[in-house]
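Both complexes below contain chain A, partnered by chain B and then by chain C.
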Partner chain A sequence: MKFGVVVSEGPYTHQAADTAYHFVVAALAAGHEVPRVFFYHDGVNVGTRLSVPPQDERNIQEQWSALAREHGIDLVICIAAAQRRGMLDEKEAERQGKDADNIAEGFRISGLGQLIEMGIQTDRLVMFGD
Partner chain B sequence: MSDDVKKFLYLNRKAPYGTIYALEALEVVLIGAAFDQDVSLAFLDDGVFQLTRGQDTKEIGVKNFSPTFRALGDYEVTRLYVERESLEERGLSPDDLQEIMYEDEDDDWAEKPSIRIVSRAEMADIIAAQDVVLSF
Partner chain C sequence: MSTLHTVNKSPFATGSLRSCLAHARSGDAVLMIEDGVYGATAGTGLSDEIAAAARGGGIGIYVLGPDMAARGLDAGRVLDGVITVDYAGFVDLAAKHDRAVAWL
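What follows is the complex of A and B.
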């Protein structure tokens, strides 16, 4: 089966990004496909490469980046939600005249259309939120 | 993968202000309207407050986005299901909701109300009939 996944809460405060991660790992292990994960609301903050959690804690961003690298998952951060919350890629930082960008490896910024498209193209859409 | 038209339901469960969920849900609805899918909205729990008339946000310094609901008909989003029990539990009646109309192209563009009050049991059936449910 082909799953689309939405993460709609930020990392560490909420369990949602962790639970979504465990779901995707389990789905892939069971032979399912997860072509894309869409990050919305505070979920966009999962994709910052500037978070530095304590060493004895999981690093949520690194877990997702590694999963994307190993399985070719498309990690999409909503641009409208990202701009409100200070998430910028290199191109967008330049366009907005900002002095830094912070998108982690494996993540990309794109539009809400990617969420709708995922709903159309997958067999099940699963949302992880509060 | 199927490129057929799917039934999308946007499930709104939170109050319009206090958190950003309602506003960002509406942003998805507006973008999603361009994809020619079968779209409905549902309002339950505190989500019913999103449709109340006479919202005034001047004192809290955030945008009042409630007029946008009246434009949904232009995006061919014409079904806004509101759960009766959620209204009653909050001391609201259908009269407390703003009037949202659409023009029915299959009925000589007659103006019809987009808001449909449904029971909790009916809402469960509506949700069960969807292909994609986006919960906010």
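What follows is the complex of A and C.
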């Protein structure tokens, strides 16, 4: 079965990004497919490569990047939510005249169309938020 | 069409568990996750109400075990009729029901 996953809460807030991660790991272990995870609202902050959590603590962004690398998951960050929160890829930083970008490996910025497409192309949509 | 409902806030903080139980239909499942697991503990002011929901109405009531453990709530404190699952069980519930609704 194909699962689509939405994360709408920021990292290190309550637990949504962690619960979603464990859900995806378990779904893949059970032989299901998770083609895409959509990061929405404050959830977009998961995708910054500039976070530096304490070394003895989980690094939520790195966990997601590694999972995407190993399983080919498309990690999509909502562009409208991203722009409000200072999340920029190289192209957007240039377009907006900003001096830096911060998107982590495996994440990409795109639009709500990707959420709709995920809803159409997967069997179940599971939301994790606040 | 059956639904998996997930509730991630304590019933002592928000009304989402109560609303969810009132909306769930026979054949549905309600899974308490994150702070929602407080709803699955015995000996609270809401225990009778939640246990009653677990007994009647054909609704399956579940709790995510790892989130109980993370809060120091041992398995012995789970209400009668509430089934403890792990993340694999969460995935199974999402697959088994036609849709998943998060009570955010």
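Keep in mind that, in the parts below, the second predicted complex is superposed on the first by the 130 of 130 C-alpha atoms of A that agree within 3 Å, B and C clash if a C-alpha of one lies under 4 Å from a C-alpha of the other, contacts with A are read in each partner's own complex, and residues count from 1 in each chain.
As a working rule, contacts are C-beta pairs under 8 Å (C-beta built on N, C-alpha and C of every residue); 3 or more make two chains touch, one makes a residue touch a chain.
Because the structure is a prediction, the values reported are computed rather than measured.
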item: Touching partner for A:A81 - first (chain B), second (chain C), both, neither; value: first
item: Which of chain B and chain C A:Y40 touches, first, second, both or neither; value: first
item: First, second, both or neither for A:G129, with chain B first and chain C second; value: both
item: Contacts of A:Q121 with chain B and chain C, given as first, second, both or neither; value: first
item: Chain B versus chain C as contact partner of A:R49, first or second or both or neither; value: neither
item: On chain A, positions contacted by chain B and by chain C; value: 8, 125, 127, 129
item: Chain B - residues contacting chain A, complex; value: 1-3, 6, 8, 20-21, 24, 27-28, 31-32, 34-35, 37, 131-136
item: Residue ranges of chain C in contact with chain A within the complex; value: 6, 8, 33-35, 66-67, 86-88, 90-92, 94-95, 99-100, 102, 104
item: Footprint of chain B on chain A - complex, ascending; value: 2, 6, 8, 40-41, 80-81, 84, 111-113, 115-117, 119-122, 125, 127, 129
item: Chain A residues within the chain C interface of the complex; value: 1, 3, 8, 14-16, 19, 22-23, 25-27, 29-30, 32, 123-130
